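Please go over the structures that come below.
Below, chain A partners chain B and then partners chain C, in two separate complexes.
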Partner chain A sequence: MANINIKLKVWRQKDSQSKGQFEAYEVKQISTESSFLEMMDVLNEQLINDGNQPISFDHDCREGICGMCGLYINGRAHGPDLDVTTCQLHMRKFKDNDSITIEPWRAGGFPVIKDLMVDRSAFDKILQAGGFISVNTGGVPDANAIPISKDDAEEAMDAASCIGCGACVATCKNSSAMLFVSAKVSQLALLPQGRIEASRRAKNMLSAMDDLGFGNCTNTGACEVECPKGISVAHIARLNREFLVANLKD
Partner chain B sequence: MSGFFKSSVGQKFLMSITGLFLIVFLLVHFTANFFLFFGSDAFNTVSHFMETNPIIQIMQPILAIGFLVHIIYSIILTIQNLKARPQKYVKFEQGHSSTWASRNMFILGSLIGIFLIMHIMNFFWKMKVSGSDLYTEVNVDGVMMHNSYALVTGLFTDASFGLVYSIAYILGAIFLGLHLSHAFWSAFQTIGWSNQVWRKRLEWIGNAYAIIIGVGFSIIPLYFLIFK
Partner chain C sequence: MTKLNSKIPKGALKDKWTNYKDHQNLVNPTNKRKIDIIVVGTGLAGASAAASLGELGFNVKNFCYQDSPRRAHSIAAQGGINAAKNYPNDGDSVYRLFYDTIKGGDYRAREGNVYRLAEVSNSIIDQGVAQGIPFAREYGGLLDNRSFGGAQVSRTFYARGQTGQQLLLGAYGALNRQISKGTVKMYTRTELMDIVIIEGKARGIVTRNLVTGKVESHFGHAVVLATGGYGNVFFLSTNAMGSNGSAAWKAYKKGAFFGNPCYVQIHPTCIPVHGEFQSKLTLMSESLRNDGRIWVPAKKEDAQAIREGKKRPEDLKDEERDFYLERRYPAFGNLVPRDVASRAAKERCDAGFGVETGQAVYLDFKDAIARLGKSVIEERYGNLFQMYEKITDENPYETPMKIYPAIHYTMGGTWVDYELMTSVPGLFSIGEANFSDHGANRLGASALMQGLADGYFVLPYTIQNYLSDQHSVKRMNEDLPEFKKSEEEINNLIDKLMGIKGNRSVDSLHKELGHIMWDYVGMARNEKGLKTAIEKIKELKVEFWKNLRIPGDKNGINLELEKAIRLADFIELGDLMARDALLREESCGGHFREEHQTPEGEALRNDDKFMHASVWEYKGENEEPEMHKETLDYEEIEVKARNYK
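Entry: the complex of A and B
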């Protein structure tokens, strides 16, 4: 265990209408065992004690499963570690006297609310357009009552691990939401209960995505590298396939 | 289908289909060019076939449309993509998560576009419209045909501009190879013909294809520059 000193450049923005600018801060003797958000808490304590406004940032469960946190740290969504959210990033990933630049998710679809907090309700709107099953499918069915191949079940589960944090949009050079939409389409399309509405779902969710101002996917694959849950771009191919077939049926 | 071509995926579908069509065209183009290494009679015979074959004649305007759709939609999509992030990041690291070519497809495409204009002026324009002192009639095995070989080799061996043209053509081939290294897999991904298994295969085939086209088209000016 060691303590390090770090220099921070943090995006401060009063509200959604303000212009915003970077502010420089220093955090001294922070434990390398602490998480990135705990370091932010320490910094906020300092700011409050000095009579300044603390930095607003999104967070909730702090165990990497809720999808609430998300900071753009040194040019990368959720910082320099792979397969983790910002709350699971630890200060041991940084060296003494490192400079760290912290920005909010930047995308037209995710407007800044304050400082590092962004409005990700665009994702909710995409889900409301079709990310559900319309009928009540009842309680947990008996095992093997509905036969589902192991491969399909695994792939649906992998897609379902998307926590909707928005790192894919944040890291995409086009601010495309295709990885998110494809995960939500895949997790249902692969299972019999969700298969029935698959065509309608793909069309409605993609239409909502286009309307909300996200960019067009150019298949760079950066999203799947930065995704804290390692969602594969293979789901995007499935979404494209579902969308094409749905349009051919019309 | 009405809304399909207004959607992001529909517009990207057009990019993919025209891109795959251009990929097939490049293979035909490269095959024809390969005959340059077998001397003037061989290349002129192939050129004569290209000039007179009815299928090639029908494909010519379709090819032009393919190029235009690919270029127009690339501009539309790129403008939308630039607008999707009104405020840019100060720090934006992508080197570890995606290839340089995949991030710069529009820039590579634009450079290839500039090359294409020069390329058309060098050959297509001279063959079809303006003519050239080098583009005379020759007799190959009793058939009169244009001396395409003289026109092509003349460009690369020109006393004053041969070196400049050779370098321009080599650069064009390199840009094309880089563009294709991402294009091939990306086109299949967009039309939905990819998954976790096929992605690796398609990327491998795409890279092999990009190397064949990039290196193959580079060798032609190099060959004439060094050996002629």
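Entry: the complex of A and C
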């Protein structure tokens, strides 16, 4: 355990209408056991005590599952560590006197609303277009009525691990949401309950994605690298297959 | 008798819920369209209720403070969800789940509610599978189960260590479907500020738009609170940073009684605190106790040597380790309920056997890895091990995890009757926000069960019994004086907070409250400490209103203002928790009064004096609240001392 000093360059923006700019800050004596967001807390406490405006950023569970946090740190979504969200990043990944640049997600589909906070409601809208199985509460068969192979269930679970943080979009040069869309389409297409609506789902969700200002996929694979849950681009292939089937049916 | 009527239906325990449903009033389909229901919160209870009510044809307005309903903290539940399916053929039944839940809650919950919970549990699993939740399966394609604390059967369904996430995403999918159909209107980044009561009935809420800062009113024929627990009174907890008790507190101040505020669950297996900058605590799922063994060094010298870095835990042989849960509770071993496991860890650490800072014990997988192989352990707990390693920089496959108890869940909450209605007509409370099903201690994997039981299968029925004569009540205009008065009060509160312009941040005051609560209203409580807590909280309240500093202004996004509004309520809630704990002169479940224990250090209940729920009524600012007793009648179960030996 050690303490380190850090120089920060942080994006500040009053609201969605204003122009933003970088501001420089310094934080001293940060424990390497601290999380990145705890370092931000310390900085904010310092700003408040000095009579300044603290930095606004989204966060909630601070254990890597709610998907609310998301900072672009030194040019990487969720920072330098692999398979973590910003809240799981720890200061031991940095050295004394390091300089860190912090930006919000940058994507047409995610407008900045203040400092490091962005509006990701487009993700909700994509899922509202079909990211579910159309069943009402009650009147469903016994849970063991449909056997599902362990492999399919596991692969569906891999896809279902998506936390909707938006790192895939932020890291994609086209700001495409294909990995996000494919995770839901693939999860449900792998299960017999979800197969029934699989192609319709793919088509509707992709159409919503296009309408909401996300770009196309050009298979660079950057999304997979930065995904904190390690969701594979193989799901995009399954999405494309379902989409193709939907178009053939039309 | 008091003002409390739990409305438990007559008849045999097994028939109560069926009888209720057979005879309750319903709302016909055309009238459902004329009725607006407000649901606050989008966790398991809120999302499942909003979706189910939308499916039935009601107009639903659903609110959450997060940027998306999917972020609600149910998402973080790890280990699993209980149901009485008896798929493993190990002797489970609805009755056994009911019995374990009552016993686990240390005989401080209502039989009627808990039996219904066990009864609907199976439907939740069916619903989840139909929604496409990828529960863990056996090679034959059928569902797998694991064991959890406080039960001798395997009844816990799971999706890796992300069961809450998967169940919530299932409910969120159902919610999204209703949003797309227009039956549910979703308000994100919108926080409840007040509940509006017109002619004695809950008729709406006042909210603050967290992006614009605007204070607004929303009408509803009924209001449902699904706003979770208040564990963040302690500052450090496993709750999300934004989890708060304000909705329940506003309801309390508007006449909804508060049940058992002192019942707090302290989860035994969390990653220990590292320092004063720590912002939250991370849980390591109870499911780990299926295969992990909990121990501390048997000799103080070894504990000290480990603390000083002179020895490694791997250096100690089995006979040099004290597997204290297996030693004290041979029948349940490492799978004793949470309150028992937490106290046992504290006991060992207080006696000088703790490791790391002295406030940690080991959770060790060495034997399980030897027995099952690393790959099996990885498949079962891989994501938890990874999470642990990211936080602590230690590899739990090679060295035991270090854990310590932390605040996790609140069994107390808004008092509700059998219909989940509070003491304010038209105001309902579901999920962790209410007090109803877990008594003084909740069993693992039962929070998900209760949240979804309430939201999918209980509230959509019981709320209709209330609404059946409400369709003739026309939608009310939000310009009514009751709404305007409440908006004005909230605007005044915000101005008052902004105007303090003192010199202390919200967090610095919240941490101070957290220390008071943990030291005096935490795992072990006594009369002197609780009285001290009440005094210190009173001083802190003065300090808050005198010295708080909120930068910026009230319009637009102001995260400090959001936190300050929540903290103002937490301070008052902390006071009520201490009062409740002081009055309950017995030890039961998560409430441990040091004056009341057996010579072996086990909790000692006093059923003659305290076989009741303590239900608090607000009497006005700076007035003493009044406590009512709801007597608990056990018709079915024989009340015994809880024994896990």
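Going forward, the second predicted complex is superposed on the first by the 242 of 250 C-alpha atoms of A that agree within 3 Å, B and C clash if a C-alpha of one lies under 4 Å from a C-alpha of the other, contacts with A are read in each partner's own complex, and residues count from 1 in each chain.
To be clear about the criterion, contacts are C-beta pairs under 8 Å (C-beta built on N, C-alpha and C of every residue); 3 or more make two chains touch, one makes a residue touch a chain.
Note that the structure is predicted; figures quoted are calculated from it, not measured.
*Asks:* A:Phe22 contacts which: chain B (first), chain C (second), both, neither?
*Replies:* The answer is first: A:Phe22 touches chain B but not chain C.
*Asks:* May I ask you to decide whether A:Ile6 touches chain B, chain C, both, or neither, giving the answer as first, second, both or neither?
*Replies:* It touches nothing on chain B or chain C.
*Asks:* Tell me the contact category for A:Cys66 with respect to chain B and chain C: first, second, both or neither.
*Replies:* In the superposition, A:Cys66 contacts chain C only.
*Asks:* May I ask you to decide whether A:Leu244 touches chain B, chain C, both, or neither, giving the answer as first, second, both or neither?
*Replies:* A:Leu244 contacts chain B only, not chain C.
*Asks:* With both complexes overlaid on chain A, does A:Val181 touch chain B (first), chain C (second), both or neither?
*Replies:* Neither partner.
*Asks:* Based on the superposed arrangement, let me know which partner A:Ser56 touches: chain B (first), chain C (second), both, or neither?
*Replies:* A:Ser56: touches chain C, not chain B.
*Asks:* Is there a shared patch on chain A that both chain B and chain C touch, and which residues make it up?
*Replies:* Residues common to the chain A contacts of chain C and of chain B do not exist here, since the sets are disjoint.
*Asks:* Quick one: in the complex, what on chain A touches chain C?
*Replies:* Listed in rising order, the residues of chain A that touch chain C are 14-15, 31, 33-35, 37-38, 41-42, 45, 47-49, 51-54, 56, 58-68, 81, 83-84, 88, 90, 92, 113-114, 117, 119-121, 123-124, 127-129, 131-138, 140-144, 146-150, 153-154, 156-157, 160-161, 163-164, 187-188, 191, 193-194.
*Asks:* If we count contacts the way the header does, which residues on chain C are in touch with chain A in the complex?
*Replies:* Against chain A, chain C makes touches at 48, 51-52, 55, 66-73, 75-76, 85, 87, 122-123, 125-143, 159-160, 162, 165-166, 169, 172-174, 176-177, 179-180, 186, 188, 211, 238, 240-242, 274-275, 277-280, 282-283, 386-387, 390-391, 393, 456-457, 460, 503, 505, 507-508, 549, 551-552, 556-557, 559-560.
*Asks:* For chain A, which residues count as touching chain B in their complex?
*Replies:* Going through chain A, the ones touching chain B are 22, 72, 74-76, 101, 103, 106-109, 171, 173-176, 206-207, 209-210, 213-222, 225-226, 232-234, 236-244, 247-248, 250.
*Asks:* Per the contact definition, I'd like the list of chain B residues that touch chain A in the complex.
*Replies:* 1, 3-4, 7-13, 77, 80-81, 83-94, 96-99, 102-103, 105, 182, 185-186, 188-196, 199
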